[in-house]
Amino acid sequence: MYQPLNRDQLAARVARDIPEGSYVNLGIGLPTRIANFLDPEKEIFLHSENGLLGMGPAPAPGEEDPELINAGKEFVTLLTGGCYFHHGDSFTMMRGGHIDICVLGAFQIAANGDLANWHTGAADAIPAVGGAMDLAVGARKVFVTTDHVTKKGEPKIVERCSYPLTGVGCVARIYTDLAVIDVTPQGLLVQEMVPGISREQLQAMTGAALQFSANCQ
Amino acid sequence: MYQPLNRDQLAARVARDIPEGSYVNLGIGLPTRIANFLDPEKEIFLHSENGLLGMGPAPAPGEEDPELINAGKEFVTLLTGGCYFHHGDSFTMMRGGHIDICVLGAFQIAANGDLANWHTGAADAIPAVGGAMDLAVGARKVFVTTDHVTKKGEPKIVERCSYPLTGVGCVARIYTDLAVIDVTPQGLLVQEMVPGISREQLQAMTGAALQFSANCQ
Amino acid sequence: MIDKTVATAADAVAQIYDGATVMIGGFGSAGQPAELIDALIAQGARELTIVNNNAGNGDTGLAALLKARRVKKMICSFPRQSDSYEFDALYRAGEIELELVPQGNLACRIQAAGSGLGAVFTPTGYGTLLAEGKETREINGKHYVLEYPISADFALIKAQHGDRWGNLVYRKTARNFGPIMAAAAKVTIAQVSEIVPLGALDPEQVVTPGIFVQQLVAV
Amino acid sequence: MIDKTVATAADAVAQIYDGATVMIGGFGSAGQPAELIDALIAQGARELTIVNNNAGNGDTGLAALLKARRVKKMICSFPRQSDSYEFDALYRAGEIELELVPQGNLACRIQAAGSGLGAVFTPTGYGTLLAEGKETREINGKHYVLEYPISADFALIKAQHGDRWGNLVYRKTARNFGPIMAAAAKVTIAQVSEIVPLGALDPEQVVTPGIFVQQLVAV
C-alpha cells in the first residue's frame, strides 16, 4: 500500500528543489501553495506576472490592499527589497529567460515535455490563457505539479497531449502526488516515488513509458 | 540684391513654426540653436534621445553636470516638469510617432523628401548615424534646416540624393537661409523667400524643380 | 501654458466614438480606471473593441460596460474568471467576439504599437492553437510566431499622481498595463487620485512621461 | 542570504573571458562605467566585441580599452566624434571591425534580446545603406527591416544606488542604456556610487529590478 502526497506535501516537495537566490514564478492554484513551504532562511525571489518581484505572504487580516495582488488576484505583500514594474518589463523577465524556475499546473503532460494546461478543448469552454504560454517558453526550467491521474483515474502524463497545448517540449520536471519525474531526451525518468508504490503500479497509472532511476527502489 | 539669413535668423524662423505643446527633437548642430529662439511664453517640450524630456537651456557656468547632457553631449538643464528615462523608452517616443516635430540638418534633400545627412559616402569617412534614422521615420513632421547651397555653391536640394540616405521620403519642410520649401506630393513648393531674391535666382541655386506658392512675390 | 487636466471624467471620455478601439488598463480590478469606465457607459459609445487583460469582474467597471452591450469585441488574455459572468453570458450567446492573446504577447504587441515596430517574432504560443494560421520562423534553433502590433484609438488608465503635463506615477501592482497602453493609444486618458503641481513628481521617478498622456482627470 | 555585491571592480570583471561580447553602458561619458572598464583593461581580456552607443571619447574609459587593443569589433551608432581619435586610428588602420547600427535599432535590438523576441520589423533604416542585404517587408503600407537581437555575455553599467539584491536606480541622463543592457546580458555587472541597505530603495522607484543584475560593486 502507498499513500499519495496531499497538496501540502506535494507543495513542500517542490519547494525543496528551489535553491536560494532563484527567481521563481508560481502559477495559479496548487503552485501558489509552494510559497508556504519555501525555507524562510533562504532568500528566494517570487515573481508575479502582474508586476512585482519579491512577493511576500498574504497580508494580515485588515491589511489587504486591493492594489497589491498576485496573478491569481489574491492579496499579497511585498518583501523588503521587492519592487514594482509594468507589464512590459514583467514579461521581459518571463519571456527573456530571466525566471529560473516556474511551476505550472497541468491538464496533461506528454512524454516529450509538451504541456497542456489552459483549455480542455471543449466546444463550450471559454478559453483563458493568461501568462502560462509565456512561462512555458521563457522560464529556464518549467516544473509541473499535478495529481498523477485525473479525478476519473485517467493518466495526466500521456504519450501525446489530446488537449490544446500551452507549450511545446517545455516541461523539465513533473511533480505528482505519486512521483517526481524528469523529462529527458531519452524519455520520462522517474526520480522518486512515494513509499510503497511499485514501478508497475506507477506505470499502470501513466499514459507513457516510464524509465526509473536507480534510486527508485 | 538679397541677404541670406544668418544662422540665428534661420533658427528663429524655424522656431516660429513650432506650436505650443509640441514635443520636439532638435538635431545636433544648427537645429540645437532653435531652442534659443522658442517663445519663452510657450510651453514646448524638448526631447533629447539620450533620455530626457523637458530639456532646458545650458546651465550657468559652474553648474554643469556631466550626467545631464543632450544628444550633442553638451551640458543642459531640465525644466520643472521634465523627466528622465532609458534609451528604450526614448526611442519608443521617437520611432513610435510620439515626437511631433524633429529638426535635422542635411547634406542633401531630394524633391521626393529623401534625406541624406549622415554619411558623405567617401571611402575613408568613418560613418556615424546616431538617432537620425529613427527621427526620420518616427517623427510626425521632419523639418530640415540647412544652407541652401554648399560652401562650394552646389545645391543641397536635388532631384535625387547622391549621398547615402538617412530616410526615404521623410522630409516635410525645408528651411534654408534663402527659403522655406514644403515637400508635397506634387513636388517642392516654395512658401517663403528672403526679400530681394527672385524665383529664377532661387531656382538656379536648387537642383530640383521648384513651384512657388502665390505669396512668394 | 499646457494643461492636460480636464474637469470631469465625462469631459475626458466625451470624444470616444462608436467603433473605437479602447485599451483599458488594469489587471482584474487593480489599476482599472473605474470612474472613466462609468463615464464611458454614461457617454454611450458602442461597438467598441476593448483591449484589457481580463474581461470584467463582477458587475462594475469593464463588466458593467459589457453588460450595457457596448462592446463588440474583447482582446484579452484571461476572460474566464470566477466572477466574469457578464462576459461569459455574452460569449455563450455569441454576442461578443473574443481575440484571446497570451498575456506576454498582449504586452509585447501593445509595446510594438507604442514603439513603432511593424511586427515581432515572439516564441510565446508557438505550436499552440493561438498561433494557428500565423507565420512562424525558426531563428537560431528556436521557434517563433509573427505577431502584429495592437494599437488603440484611446487608452483609459489609472495612475496615482499626475501633473498638468501628463507625467504619471502609479501605485503598487495597479501599474500593470498603464504605461504600455499609454504609449500605444492615439489618445490616452488617465484618471489619477490627485493632480499635483508641476515639479512635485521627481523627474527620476516619473513612470509615464507626459508625452504619452493627452488628458488626465482627478477622481 | 543573497548578496550580489563584490568587493572590488577587479573581482567584478574577473570572469570576463577572451572573445566575449560585452555591452558597456553610457552615452558619451554620461553613464560610462569607467572604473569597471579600467578593471577590465587591467584584467586583460582581449578579442572583445563591445556594444556601446559610441566608440570612446578622449583617452579614458572605452577609448582606453580600444587603445589597449582589446577590442575586435565595435557595435555602435555613433563612433565618429570630435574626440574619438583612438577608434578613428584603429578603424583607418583596419584593425577594428565596425557594425554601425542606428541608435534606435541598437536600443530595440538590445531590448529584443532582453525580452526573448526572435527578431523585430523596424522602420528605422529602411531604404538606407544600413539595411542593405536585410529582409524587408511592407506592413500596412509602411516599410520595415527585419533586425535581430543583440545579446551579450556581459554588461558593464553604471548606476547611482544599488542594494544587495541588485536593484538599481540611476542618475539623470546617465541612465541611458543601463536598464536595457542589464536585461540583455547573461551577466550584468553594475558599478554604483553607493550600496544602500535592502529596503532603502523605494519599490515604486527601482528602475532596474535585481533580477537583471548579477553583480554590483561600489566605486
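Each chain carries a letter (A, B, C and D) given by its place in the written order, and its residues are counted from 1.
As a convention for this text, contacts are C-beta pairs under 8 Å (C-beta built on N, C-alpha and C of every residue); 3 or more make two chains touch, one makes a residue touch a chain.
Per UniProt, the chains are C, D = 3-oxoadipate CoA-transferase subunit A.
Nothing here was measured: the structure is a model prediction, and the numbers come from that model.
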| item | value |
| --- | --- |
| Chains touching both chain A and chain D, listed by label | C |
| Selected interface, A-C versus B-C, where C-beta contact pairs are more numerous | A-C |
| Inter-centroid spacing, chain C versus chain B (mean Cα positions, whole Å) | 35 |
| Distance between the centres, which are taken as Cα means, of chain D and chain C, whole angstrom | 32 |
| Rounded Å distance, chain B centre to chain D centre (Cα mean) | 29 |
| Multi-partner residues of chain D (each touching 2 or more other chains) | 108, 111, 115-117, 122-123, 170-172, 204 |
| Chain B: positions in contact with at least two other chains | 78, 84-85, 88, 91, 95, 137-138 |
| Category of the chain touch graph - line, ring, star, complete, other | other |
| Touching pairs among all chains present in the structure | A-C, A-D, B-C, B-D, C-D |
| Partner chain C, residues of chain B touching it in the complex | 20-21, 23, 43, 45, 47, 53-54, 78, 80-85, 88-89, 91-93, 95-99, 137-138 |
| Of chain D, residues touching chain C in the complex | 108, 112, 115-123, 137, 139-140, 142, 144, 148, 169-172, 202, 204-205 |
| Chain C-touching residues of chain A, taken from the complex the two chains share | 48-52, 65-69, 73, 78, 84-88, 90-91, 94-95, 119, 124-134, 137-138, 164-168 |
| Residues of chain D defined as touching chain A within the complex | 1-2, 111, 113-117, 163-165, 167, 183, 198-199, 201, 203-204, 206, 209-212 |
| Partner chain A, residues of chain C touching it in the complex | 27-31, 53, 77-81, 84, 87-88, 91-92, 98, 100-108, 110-111, 122-130, 143, 170-180, 207 |
